[in-house]
Amino acid sequence: MTYDIGFLGYGFMGKAHASALDRLQMFFPDAPTTNRDVLIGRNEDSVTEAADQLGFDRVATDWRTAVTDVDIFCNLGPNHIHAEPVITALESDVHVLCEKPLASDIGTAIEMRDAARRSNAIAATSFNYRYLPAVQLMKQLIEEGALGDIYRVKGRYNQDWLVDPETPWNWRCEKDIAGSGTVGDVGSHTIDLAQWIVGDIESIVGSLTTHITERSAPDQDGSRAVTTDDEYLALVKFENGAEGVFEGSRVATGRKADNSIEIYGSDGAISFSLRRLNELRYKSTNDRAYQQLLVTEPDDPYMDAWWPSGHIIGWEHSFIHQYYEFLNSIATATHHRPDFEDGVAVQRVVDAVIISSETGKWVDI
Amino acid sequence: MTYDIGFLGYGFMGKAHASALDRLQMFFPDAPTTNRDVLIGRNEDSVTEAADQLGFDRVATDWRTAVTDVDIFCNLGPNHIHAEPVITALESDVHVLCEKPLASDIGTAIEMRDAARRSNAIAATSFNYRYLPAVQLMKQLIEEGALGDIYRVKGRYNQDWLVDPETPWNWRCEKDIAGSGTVGDVGSHTIDLAQWIVGDIESIVGSLTTHITERSAPDQDGSRAVTTDDEYLALVKFENGAEGVFEGSRVATGRKADNSIEIYGSDGAISFSLRRLNELRYKSTNDRAYQQLLVTEPDDPYMDAWWPSGHIIGWEHSFIHQYYEFLNSIATATHHRPDFEDGVAVQRVVDAVIISSETGKWVDI
Amino acid sequence: MTYDIGFLGYGFMGKAHASALDRLQMFFPDAPTTNRDVLIGRNEDSVTEAADQLGFDRVATDWRTAVTDVDIFCNLGPNHIHAEPVITALESDVHVLCEKPLASDIGTAIEMRDAARRSNAIAATSFNYRYLPAVQLMKQLIEEGALGDIYRVKGRYNQDWLVDPETPWNWRCEKDIAGSGTVGDVGSHTIDLAQWIVGDIESIVGSLTTHITERSAPDQDGSRAVTTDDEYLALVKFENGAEGVFEGSRVATGRKADNSIEIYGSDGAISFSLRRLNELRYKSTNDRAYQQLLVTEPDDPYMDAWWPSGHIIGWEHSFIHQYYEFLNSIATATHHRPDFEDGVAVQRVVDAVIISSETGKWVDI
Amino acid sequence: MTYDIGFLGYGFMGKAHASALDRLQMFFPDAPTTNRDVLIGRNEDSVTEAADQLGFDRVATDWRTAVTDVDIFCNLGPNHIHAEPVITALESDVHVLCEKPLASDIGTAIEMRDAARRSNAIAATSFNYRYLPAVQLMKQLIEEGALGDIYRVKGRYNQDWLVDPETPWNWRCEKDIAGSGTVGDVGSHTIDLAQWIVGDIESIVGSLTTHITERSAPDQDGSRAVTTDDEYLALVKFENGAEGVFEGSRVATGRKADNSIEIYGSDGAISFSLRRLNELRYKSTNDRAYQQLLVTEPDDPYMDAWWPSGHIIGWEHSFIHQYYEFLNSIATATHHRPDFEDGVAVQRVVDAVIISSETGKWVDI
């Protein structure tokens, strides 16, 4: 069977997902086959041009019929238009892959999760970083006990695309649209990785900051207030006794997609950074020092599908591996993770950081 | 117009090239379009399975008719079967892309180059590393004079896939098939990068070594002699007064595709390493220290086609950029580099290292 | 004039301080001269042997007379024996250099500070890391505005000497003696560096953890409870609007004296790590990327006293530079920083972290 | 017994040696004691001032009587004034430590070596880098077989103090005084480390270059020719079958005292760099990847004399360890290495590089 797929969204994420589907069979010949059937967008001209580039058979400007008319629906649009199309699709038992974060607020995320529970379809949240080989290996090592009890987790996702005060206002600066700034946008990746690898978070205390509070907005009489955070910081306590610190920024000079995680335990330590995503630093207490693993060996997760040792892969490959697992789950009717429960779990923590920043107190999850 | 393409070879390189063609339009919509028409191989079952995976319309077990029956012929097979199909194609004015090194010896490479001179078609050698964004930026900076006069060049391509003496014999260990060991195989990449970026080599002194001289060969009564080098070293003098050192190895423990180049000049220095292929280290004499450039900005070569800053790309992307340029050359009937002259130029240097290793003297190119 | 100096303490710190005094004149010929007059300790045999090794003229087993009988008194003993001898010395207008943290609790630290205010002598706290050339350069750059407004500060001091649960109990595990664990011991360095470079801390929320709660104690019927933290984490807000995160650990596998600070601002970023204490990473928003500065140039702070470029110095050199400044302050009767106000300021923050860890709330300083 | 010591030379090296002697007893209490007796120099005012700073009892402007009037004579002057005072001292059975390279040419070096053979005194060459803890550990690991058979050695010592063409002429630019440029000056360190760790060199081919051939010389009517090399490169073959490449430069932008060595063998690889002289990178074939060793543990060579783990030492410490061994050899009348045979062995290789650069051929040692 070939699965017909529909996408809502054709920006940066649309391209990453379409490219992943396009490449899947050549590298994973046993993957279920798909057909890029319909690309959904409001502007007919734009969506038609994008459909041509991304390899879709047809376009739709009304999502309502389109999302029930496919086998799989992928929502890659902005956060505030995730819920309605996704719920509609799930109600028709159409499988769903939704970009993170699930929604702009926890209430909406729960509605989506409930729709997923009621549906016979598979509902997945796209936390693609889980599917990088080095991150998979990190998870494996920890599951095998390589770190013993986890003591400390450090997660960050720093960027600098707003450090220049002359950079104009955009929708991510507006709380009513985006929900929050860094904490929801990039913080959700950190939170998901940490919970997936280490376990559930019990409580959190955090702080949101907006250093640059106004930006030029040519279409808004000159300037407009920034109502989302451009930095967040949080301390976390996990249920298993580990503690941690998370940070995110859009004003961290010189940092570009600096998505990193560092974990210390009783028997070892391990760290990962997106800038060098084919590498891990790992130390067992049996080793004298850290080893700098190059995760490009045939035995490493997913790497037998790619190139000989040392020929590194890129960021985009995470989506290919994610689709491989997602489609296999559909084909074999087995549960897929990260699901909407995972999406809600992340959103609860995002929400708690925002509340904590207002109350100045630790918030239980 | 859509160009029909034929491939000879469907191993590691076949996959890299097929994937590049497959992806080209989505990321470079203005690229000429191609059709993967025919895949050539001797074993009908294997080639049929590969054609299916790599997206070819049909297969051929006899290259003679196949290579003249397409618009573009890509020879991705072992070195000793490069010449005849390539020359046949060029004689029919079929465009050719041939993997490096052009041939197992300089005489054959010159025959191929002469065929290219006589042909109306475009003949390209696949030195794909030229097409990595960081390498392109390195070339640009040097052309703009960022390094001033070049003083010293250090190039290496180290691997360790033969460091284990238990690793069995394979065809790359046999001089009659492979021509040479490291110097032709990985050395050709170093030589091409150095000549492309710095200029022509004038003379060279080198040394080939074989540390492990016998390997198990189950099909050969137990073991077989290794007749190619597992390491080479060379000192080089360039026509413009620069000097350099090249090295290659298959027994350098812990090194995997360690393709690196480091260049010092009167006004600056710059270095690149494949392991972190999205990065450059660069110092101008005006700067106090080295900068670690992350070459993922939209202004960087080819990067506007890809992802936002900091989302790194992989080794395979070099082939996409190479096909973009090669196909554009065909479509616009303009000369393409690296051509067969470049292929011969590399082969001359490879040859000189082999001669020098025997005579113990500097060899003029 | 040659200053007679007395030391209380002859362990690791005693050696670092004695060596610094010993070397001062050869490298800073204009420094005031000193005489290592008296070494104070309770055990006459041990202190006599140490005095011989460290170059003291005589020993004393009673600090009371000794500390008033010198020009300068350096208290390098454990925290709980700082106060009384220091106050006694100051009351006799003997100059004092006291190791950090000033005391085991804030009340005692304030008593010491008050004694310093009443005294005509100079009272200094030994925050020696301020006197590393790279840290001095960091401070200079920030004072000159190289980072603009400070946005974020990350400080850490991680170690792993207690990660092995078999490591026996020692006095640093006992709250009644040590005051606290990591937060007072290594955290005080982080806090001082951050406040010195960035400015005063306004409020803090933190968490102390003890992962290994019992350790073997052969002299205590087998084992003994650990009553101090082996890790701390804190979020901080500075008066100038910067935010930060601090961490310290004795159970961070693979980290040895990992004293690092990283600062981001509107116009640049800079970081330092003790492991590579001759280096800084610095990025101006005018530069494309981080520069890796090697702080061994003759123009760098204190470096004209040492070796040619690239010949690195070590941890111990910080004490030499500190004594150079401390003695010059005495000789010229000018105020010296870090003084006891700085020592109290650090202690207040240490105290606030401990309180916050108990109350779960942000604490104003 | 306390040994009276005389120094010839009180520049950069004089200070490094004097400081080492000054510090020895505090950190190595069992070391033989010494007295800095006489400092030798031609200019009475300068030498008197230096003697005061470096802690010598008296000065001498005529070396002839001074060098026989002490127990130990250290020649730290320029290369061309090494031989005569050293031979004179040895003829009186005065122990000698001579800075490297032994002489400006091989003939003179052999005369010195012959004098050492005839003498009852101990004659040592100051190859201080052997005495860094990380280098000692490297040597130990290799002696224990950690690398198996050595395949390849890469040694370099790059600097950039002559990269600016405006830097004026100095005596190191004149062949008649200095003997050679980089190859004798910094190359001698590389050659000694390589031969000490790997074994004797059998043959070598090399090239000397002078990129900047004239420099300003205010006292010489404006400018003066540069007659020494500012870069050298060499390929080497060791008697045990290993091969290698050496390089040195004074025009390698951004490199300061970049003294590095990297060794690959059948069972592992290891590398060291002076910039991070407390570290080693080491990989056994049993490990997946390189470990980054921090060589500051109490078990590491000489480190129990210094500070707790992670508190790094500097370049100058190599001299302290060297004197510890040299003085112990004297006190126990046991042979010391590196001796003058080692000094001659280095000089032979320096000489061979110079000859090879002229003849264009491999030169047997």
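Think of it as A, B, C and D in the order they're written, each chain with its own count starting at 1.
What we mean here is this: a contact is a pair of C-beta atoms (placed from the backbone, for glycine too) under 8 Å apart; a residue touches a chain by one contact, two chains touch by 3 or more.
Please read all numbers here as calculations on a predicted model, not as lab measurements.
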Where chain C and chain D overlap in contact partners, by chain label: A, B
Comparing A-B with A-D, the busier interface by C-beta pairs is A-B
Just grab the chain with the largest centre-to-centre distance to chain D, centres being mean Cα coordinates. A
Could you state the distance in Å from the CA-based centre of chain B to that of chain D? 42
Starting from the mean Cα coordinates of chain A and chain D, work out the distance between those two points in Å. 55
Chain A and chain B, separation of their C-alpha mean positions in angstrom: 36
At which residue positions does chain D touch at least two other chains? 289-290, 294
With touch defined as at the start, can you tell me which chain A residues reach chain D in the complex? 287-294
Spell out the part of chain C that touches chain D in their complex, as residue ranges. 12, 15-16, 18-19, 22-23, 25-27, 29, 53-55, 159, 161, 255-258, 274-278, 294, 296, 307-317
Within the complex, chain C is touched by chain A residues 149, 151-152, 154, 163-165, 205-207, 209, 211, 231, 233-235, 237, 241, 243-245, 247, 249, 251-254, 264-269, 283, 285, 289-290, 360-362
